[in-house]
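Dropping the structures in below, format is structure tokens.
Heads up, the next two complexes both have chain A, just with different partners, chain B and then chain C.
Moving on, here comes the complex of A and B:
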């Protein structure tokens, strides 16, 4: 199970004066169970690239495989592909439409042709996964929920399709810190416990740094960097030149390194860094 | 995808016609359209075409874009021409076959009708090609100002219109996004019978309506917080000024249409009919 792109190129409005290369010969492989962040400025081609993954945008040139599905082929089994790759757009709560939460979450699996009992089980499971109480919310109108709840229901609508790959476009945009944490820990849980491959677009380098295992930086439709978070943010100057912020914990680790102190292991969250520093201190004393 | 749809048909350029005052452009277009209905001879049509060509030339709009607007009325054009060919029973009989009779006057009328409609649509599209929808609305607001003296709230109508126009691109974008989001949930818009397809649009329409209402509400808040009261005293952001281009454009138009109205006035003139029949044909 992996995603393989080879020389993927996409041009908007080809053969017109407005032609714009949004994705420029991108080649990369994303393996099963990875938690990948895609970062880059608006217009860097990241969203266009991601939409290729479930054939919302068809491949113009190059190759793209999702698992055993050749997405660049003329005929693609869209149902199977879209069941495999779940895509959560920016502000997914704006796609809610049904009378009840239950019906809305069931929309995806129903479209996939799943039978009735299975749909119900999936809806229940997905709502529980995102931390909603199934019994109390299933008959509510999705429009009566709070902003954070709406987003979780929308996420459940994608999860009920049981995707193996989850693509999230700025899943935490517009949420308060508490809501952000909830969504991120949920996504992390899906990745760790269920082995779902997660590909997330984000502008918040702190949340990216702490959560993902790999960061792909897009610039002008090309992949500029493809590195684990610590290695990427060691290039502080280059990152700042791109107008991307360096996460606090990375700044701290880099400062220590400049003073000749290297923290052991892959430490990225505040807690991990705290423990590593404490371990250093104890090491010094002993 | 929907994003490729440009709203209206404004052709971006900085030509003579583009720089003219949009009020003047509207007025001249009205004169032009009236003129089109006063022309009855082929010489008049040639004269009018000549005027249109000068205007198109001065606007730097490619002929192709102008003719594109004809596609919309192609059916109407052909339909009315066919009616004329078969149902005008004047002049000499040219062809007779079963119940169909074609007279020469029918052919002439059909030709004139097609020319008239073509000129009309080309002229109108020249106006919309060289004037942004927002400018058009402002110009209409100014031109209709006399109506506000009898208590018709012209400025409010104009505000509604320009808001509508300026929100169309964002709503198209929103629609596009919702369609993609539902497609990602494996929604199917392209197969099934009529009812199934109509039903398939519910997941698009409901979020779209809701977001439009939300947008309207936010806009109302934003306007209220800037003390908008719908008063008549508010000023225009873009003040329209007439310049030398408007004078030149108007003069050329007046010269052309003076000729057309003269021709119309002398249509029944016996001397002309006897000596220069081609002028009235």
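Moving on, here comes the complex of A and C:
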């Protein structure tokens, strides 16, 4: 079970002088339980691609399967597809609307036709998952919460749909460093403990580098690279040419590598790099 | 010389509870600091720490409930000073889309000076000058809606510059931009500062703070630390207690230095730090 795209192509305003190819024969597979980042410039086609995953945009040409659902078919069970793929847009807290936190989180499952007791159980579960205390927050207005809390409640609203795939568009934008850390560890937890496949769009290469296992780089509607983080950012010149940032820890390890020193193991966070350098002290110099 | 002096200033918001009662939320709590003319000051703090409220106090959008804020010696609490103060303290906010008032770039930039009743020929000059400062001259006749986020934000900065302020306050003006847009806006801020403008930069990106002359750290409405970037970032626990983080390269440099590697503990360039370490290793 997974996401499989084959030769997916999408053109805005087709057959007009304004035609613009946003996604250009993209083929890729994302397996269950992966934590993938999609990066690329504004206008690189990453959002258009992702909007296909729950049929916000219908397939024009090529094929797309989400688990057993053929999204490229004429008739798609949208309710089931959208229950499967949860989308969290940028600044999701702007989409909060209900009078209470409980009603807001319940909106999705209610519309899926889930019965009342089950809805309540899901709301409780989703709020707990995002680290909110159900009893104390359920009757509060979502607008009285802090920025970080609002974002977590908005995320709970999507989790209450029990998605198998979570698509997050810049989940940490606008948050302070601690808020970023909280959201990312929450997303990681959902990925590891709940087995949810996570696809995250981010502009913060440091954040991407430290957290995901696979990075897909979009450029001009095509997949330019599809690599594990360390391998991707070894291509320092190519990445800089694309005007993407090379993560600081990658800049550091790449510089060592150029001088013939390779740090051992997974060296993506400050902690890991520090430990690996300390290990060199023990006379482990290559 | 200080262009802005904040003296024991406090600000509180009225809150409305579900049961109909009201309360107060102290957003800025007895804060004092000075901004030297021509300096580059960074204001950092967690979400809700009061930094945006404080920014709005710098030009009298919020008036202190206690204490005072002086701009060139004029108090923001005195209504008749406000016009003069706003001429001297320009402000650019977070969302570029919320700050566009006209449908053509040059008209948008002209909005400020028009409202100051400046003669038309001088407005034309100022608009041309302001657009040049932010490298957007070639977009003067375009529609702002078709620009990228970074370009829009530079137009917003030009709009503030056209008033010819002494101080430019950027309230998370890079928060919604992609890395390219952020770089553009920061480069403009640094250039303006190099040309003599006082810049107050409010941000969540710790890397943006590294070039500031002075960093002010806020936590829950209070200033918890003030100093040069290195004075601040050498205190990792203080920074993390304020819900912030030390820039990754600086953290690594400091930890390596503490562990006995003789690298520059205040290195901010990851590549250079790597180079230093290589030299140490290859000497042996």
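In this section, the second predicted complex is superposed on the first by the 282 of 286 C-alpha atoms of A that agree within 3 Å, B and C clash if a C-alpha of one lies under 4 Å from a C-alpha of the other, contacts with A are read in each partner's own complex, and residues count from 1 in each chain.
Here, contacts are C-beta pairs under 8 Å (C-beta built on N, C-alpha and C of every residue); 3 or more make two chains touch, one makes a residue touch a chain.
Please read these numbers as outputs of a predicted model, since none were measured by experiment.
In the superposed model, A:25 lies in contact with neither chain B nor chain C. Ranking chain B and chain C by residues of chain A touched puts C first. Contacts of A:256 after superposition on the shared chain: chain C is touched, whereas chain B is not. In the superposed model, A:176 lies in contact with chain C only, and not with chain B.
In the superposed model, A:83 lies in contact with chain B only, and not with chain C.
Residue contacts after overlaying the shared chain place A:41 against chain C, while chain B stays out of touching range. When the two complexes are overlaid on their common chain A, residue A:107 makes contact with chain B while staying clear of chain C. In the superposed pair of complexes, A:67 makes contact with neither chain B nor chain C.
Once the two complexes are overlaid on the shared chain, A:13 sits against chain B while remaining clear of chain C. When the two structures are aligned on the shared chain, A:148 is found in touch with chain C, with no touch to chain B. Across the superposed pair, chain B and chain C touch chain A at no common residue. By the touch criterion given at the top, residues 4, 174, 177-178, 180-188, 202-204, 206-207, 210-211 of chain B touch chain A in their complex. Residues 18, 45-49, 94, 148-149, 172, 175-176, 178-180, 204, 206, 243-245, 247-249, 251-252, 255-256, 259, 261, 270-271, 273-275, 277-278, 281-282, 284 of chain C touch chain A in their complex. Across the complex, chain A meets chain C through its residues 41-42, 141, 146-148, 173-179, 181, 203-206, 243-245, 248-249, 251-256, 259, 261, 270, 273-274, 277-278, 280, 285.
Of all residues in chain A, only 13, 51, 54, 56, 78-79, 82-83, 86-87, 89-90, 92, 94-98, 107-108, 111-112, 143, 157-158, 161 touch chain B in the complex they form.
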